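Some structures to go through are shown next.
Consider the two complexes below, in which subunit A is the common component and subunit B and subunit C are the respective partners.
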Partner chain A sequence: MFFSSLLNAAPGAIAQGMLWGIMAIGVYITYRILDVADLTVDGSLATGGAVCIMLMRAGCNPWLALLCAFLVGMLAGMVTGLLHTRCGIPAILAGILTQLALYSVNLRIMGSKSNQPISVDKYNLVVSQRFVKELSLRNPLIPAIVTLAVLIGILYWFFGTEYGSGLRATGANRRMASAQGIDTRVTVTVGLMLSNGLVALSGALLAQYQGAVDVNMGRGAIVIGLAAVIIGEVLLGKVFRNFALKLCAVVIGAVIYYMVLQIVLQLGLNTNDLKLFTAAIVALFLSIPCWKDSVRTKKGGVRNA
Partner chain B sequence: MKKALALVLAAMLLVSMAACTGTAPAATTAATTAAAETTAAADETSAQTEADKTYVVGICQLVQHPALDAATQGFKDALTEALGGAVSFNEQNASGESVNCATIVNSLIASNVDLILANATSPLQAAASATADIPVLGTSVTDYASALEIDDWNGTVGGNISGTSDLAPLDQQAAMLRELFPDAKTVGLLYCSAETNSKYQVDVIRGYLEEAGLTCAEFAFTDTNDVTSVTQKACDSSDVIYIPTDNTAASNTEAIANVVLPAGVPVIAGEEGICKGCGVATLSISYYDLGYATGKMAVKILTGEADISTMPVEYAPQVTKKYNAANCEALNVTVPDDYIAIED
Partner chain C sequence: MLEIKNVSKTFNPGTVNAKTALNGLNLTLNDGDFVTVIGGNGAGKSTMLNAVAGTIQVDTGSIVLDGRDITRLPEFKRAAYLGRVFQDPMMGTAATMQIEENLALADRRGQRRTLKKGITAADREHYIEQLKILDLGLENRMTAKVGLLSGGQRQALTLLMATLQKPELLLLDEHTAALDPKTAAKVLEATQRIVEKNNLTTMMITHNMRDAITYGNRLIMMYDGHVAVDVSGEEKKHLTVEQLLELFSKASGSDEADDKLLLS
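Our next item is the complex of A and B:
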């Protein structure tokens, strides 16, 4: 009974996990590739949602609205980048400042209302929770998978180009990259722009999926993003070595996070403890690499020398 | 050990294939692996028995909060009174994050509930988006037209949605303000910018107050952190302050009281909880009664007596003029006889 209702809930959890996976890829770019802790995502997620929903309500084509959300997310990333590289503000603080400012910006975009609905009955949504269990083309899993495939393909190509490699070098060792002639101020900003563009795209899709945009919807998003990145690394880090597969691992991490959340809900525990259990389970995942190492050192032998 | 685990996982995979209910294959594999990782015994709250007339009702509440809790309790009481043991509840709380509402609603639909109670705006939106078949009753939602984007609002939502609204008549609240403070010239409207319901009430009551010749100014705080400073600013430039049914204000009445009482500015509150904490008077609705009324609607829908698509949104059954004795005394406000004192 528990398993059958869990299976029933699985498509929804997977769809949500995939949409958050886009955001997790954005976090991966800043956290792992650029080695910059970017907290702007709490604000840019809602910004993406706000831009997309408001444009669609004004009659814009949904794909165009998604593109605009991506571009506005890039603007947000650019602000953080400029604050960090040109004003000398530490990256974390720059992210927090932008996220703070984005709250007001989001309210303005939403016409001073903190919540704007978008009904699947009235608009041509790209993804909607309504159809997540249908075996049809309207199922949100399909655009989610297609978007992820296209994004991972583009990112794989980009980070293989000379400029993309420059970005990776900046993350690996900023001073060395600078010594090699890479303008690290620009590459950091570009990386932040790319990351926040993806986060905003994810926010736009999520807002369509859940049928409304709320000015607080990004709150705590960085936690989910980081959890997804690390869960993906912990579980699949040794198996997936290819860059494209690493991005897939991040998405799988997000899907697992949402499956865990779904399980916690289905277990029917005290509803006030939802956050506690989610944190406990994520903490468990994150402790695995540490414990694995300490177990492994106890084994002797030539192989482990 | 690893081989045993692999065998167990493979067995679970096979079992789940048999139990597949038409979900995508990729979903099944991922679900089984995740399910196998949970070793805790399943504590099922949604009891589905073989008998015909048992109902499972799913409740999605946005945040832990006295008013919302009272509404849920009233709802459950009404259902248990009418249907007794034939109804069971699957109660979930999004802990203040609107994104969790989609996950919770997904879980309720997956558990095949017969009806969903959406307690607050975000759950209502998530439920409306996720299902067009399962009846959804909203409660503690102020304005259904703006929450669900309905043009030509005529009082009925239609489709699979209905519910109750916690809107206390704003014109009567404006009249109460003028009754208690006839000499007031400026009114400060204090609310949380993240709550659409508050903005809606502020906009409407502003109309009534300005019609009566009062000057209104809005003071919006973003969250708990700037309540005190924004309230101080409101006190500095207002004779009276009005606070709508705002969830954040309701959670911070102490902080607000600590500013308004020393400043000597009276507060008219949109609901009793806020008034008890920092206000002088309110046109009280009982969230418990609101939830109870929603429960009665649910009984009619579950037993087939009424069709949800034709049920209009209901409002609080009664409003009472109430005042906070201690605060009135502290601020020297005389209260007419038809007001009832709020008990502690």
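Our next item is the complex of A and C:
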């Protein structure tokens, strides 16, 4: 009984994990590459959903709507970037400010409604929950995999270019980047734009998948993104060294996160406790390096030897 | 040629913590000058270097490099003309990136960074040749993460990065102070070799008086935010540590100066 219902829920969990994986790649870019904790994403995820759904309801082509969502997400990232680099506001606070502002912006985009549906019967959706167990080309797993492959390919290329390397250097050592003639104010902003573009794209696909955009759909998104990044690193970090594979690990992390979520829900976890559970998981994984360190020290090992 | 004209800088002005780090500083470096800079703590050595590099903005005065007024230019733009090695070996390289990636970043200093490939095959060959100059075996570890290198290796790599694109001015801020004596000597040797080979105009801060005398063609001693002693040519070649201390006492008008300089 337990396993059959779990098996029943697996395709949905995988599809959702993959779509969230796009968002997690965005978080990876800021958190890991740029070394900035960006909280804009909680707002820009819903922004992406809102832009995409409202455009489609107005008759826009679904792929064009996705592109627009990506671009508006970049705009949100730019606001955070400018607040941080030009106004000297700490990155975390800059992200929180943009996120808060986006709540109002999202409601505006959604015509002052907190929820806007999009019916799979009336619109030509790129991904939809309805076909997740179907063995056909309509299955959302197919566009999800294709989109991820294309995105990872583009990012792999970009971060290998002169400009992309400059962006990585900015995250690795900002002073060094400056000394090498890189305007870190620009690279940080570009990184935030790229990240939030991906997050908005993920939000757009998720809204299509669910058949609706909700103004609260991004709440806690950053934690889910971090969970994906960290699960991917802990489980696959030793094996996946290549950059493209590291991005794959992030996506796999997101899929695993949704699988685990399915399991605990099947085991009877109250849906209301979900966010508490997620936060606890992320806190646990984030503390592992620190604990490992202190255990090693207690055993008599020498630190920084 | 570098001209520092009447430059002043006060940190935390108008507070109890106000500290005048540069006080009407004047200094001119001729092309090919290798100047060693000494002076006690708080004499303004690092502030001078940071002012030239653009890490800090000066209050008054001007800094002119090869006829270009760079006084108000932001740090990342000045980087096109300057090579820098910091005191902290962690500061000059990106630890999570590979040796060749670090070199490629430095190789594009002062150029527009485009969407072309970050490292080409020709780049790689060039970097291998350059790394051989350091004689540390790094040419066989091109894809190793820089974080795996020792402090001395990182400092040597930073030095190479600073000079890969010939800078108009090389700034060395006590770049061997954090290294053990043996490694420090090696890095200093490499410095000498690279500076001579490229005929670089160089400013090197050091706390080691003997190094200050051994290296370079000119020596300046800073005191209270300005240049107190400036010797070059034959006079510098035959200088001893004792003479140097004497010169400094005279310039600063105090006997305590000896201890302050020696102990710092």
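Just so it is clear, the second predicted complex is superposed on the first by the 268 of 305 C-alpha atoms of A that agree within 3 Å, B and C clash if a C-alpha of one lies under 4 Å from a C-alpha of the other, contacts with A are read in each partner's own complex, and residues count from 1 in each chain.
Definition applied: contacts are C-beta pairs under 8 Å (C-beta built on N, C-alpha and C of every residue); 3 or more make two chains touch, one makes a residue touch a chain.
In this text, all values refer to a predicted model and were calculated from it rather than measured experimentally.
Enquirer: Regarding the shared-chain residue A:Asn61, is it in contact with subunit B (first), subunit C (second), both, or neither?
Expert: Neither: A:Asn61 stays clear of subunit B and subunit C.
Enquirer: Looking at the overlay, what does A:Asn124 touch: subunit B (first), subunit C (second), both, or neither?
Expert: Touch partners of A:Asn124: none, neither subunit B nor subunit C.
Enquirer: Looking at the overlay, what does A:Thr161 touch: subunit B (first), subunit C (second), both, or neither?
Expert: After superposition on chain A, A:Thr161 lies in contact with subunit C alone.
Enquirer: In this superposition, which partner touches a larger number of subunit A residues, subunit B or subunit C?
Expert: B
Enquirer: Mind working out whether A:Ser287 is in touch with subunit B, subunit C, both or neither, as first, second, both or neither?
Expert: Neither: A:Ser287 stays clear of subunit B and subunit C.
Enquirer: Looking at the overlay, what does A:Val132 touch: subunit B (first), subunit C (second), both, or neither?
Expert: A:Val132 contacts subunit B only, not subunit C.
Enquirer: Note which residues of subunit B are touching subunit A in the complex, please.
Expert: These residues of subunit B touch subunit A: 16, 19-24, 26-28, 30-32, 34-35, 38, 40, 42-46, 48, 61, 64, 90-95, 97-107, 109-112, 121-122, 125-126, 128-132, 146-149, 159, 193-196, 199, 222.
Enquirer: List the residues on subunit C that touch subunit A in their complex, please.
Expert: Residues in contact with subunit A: 53, 74-77, 79-80, 82, 84, 86, 90-97, 101, 104-106, 108-111, 113-118, 161.
Enquirer: Quick one: in the complex, what on subunit A touches subunit B?
Expert: 1-14, 16, 57, 103, 107, 112-122, 128-130, 132-133, 135, 139, 141, 206, 209-212, 214-217, 219-220, 255-256, 258-263, 265-269, 271-272, 274-275
Enquirer: Touching residues of subunit A toward subunit C in the complex: what are they?
Expert: 158, 160-166, 168-169, 172-173, 175-184
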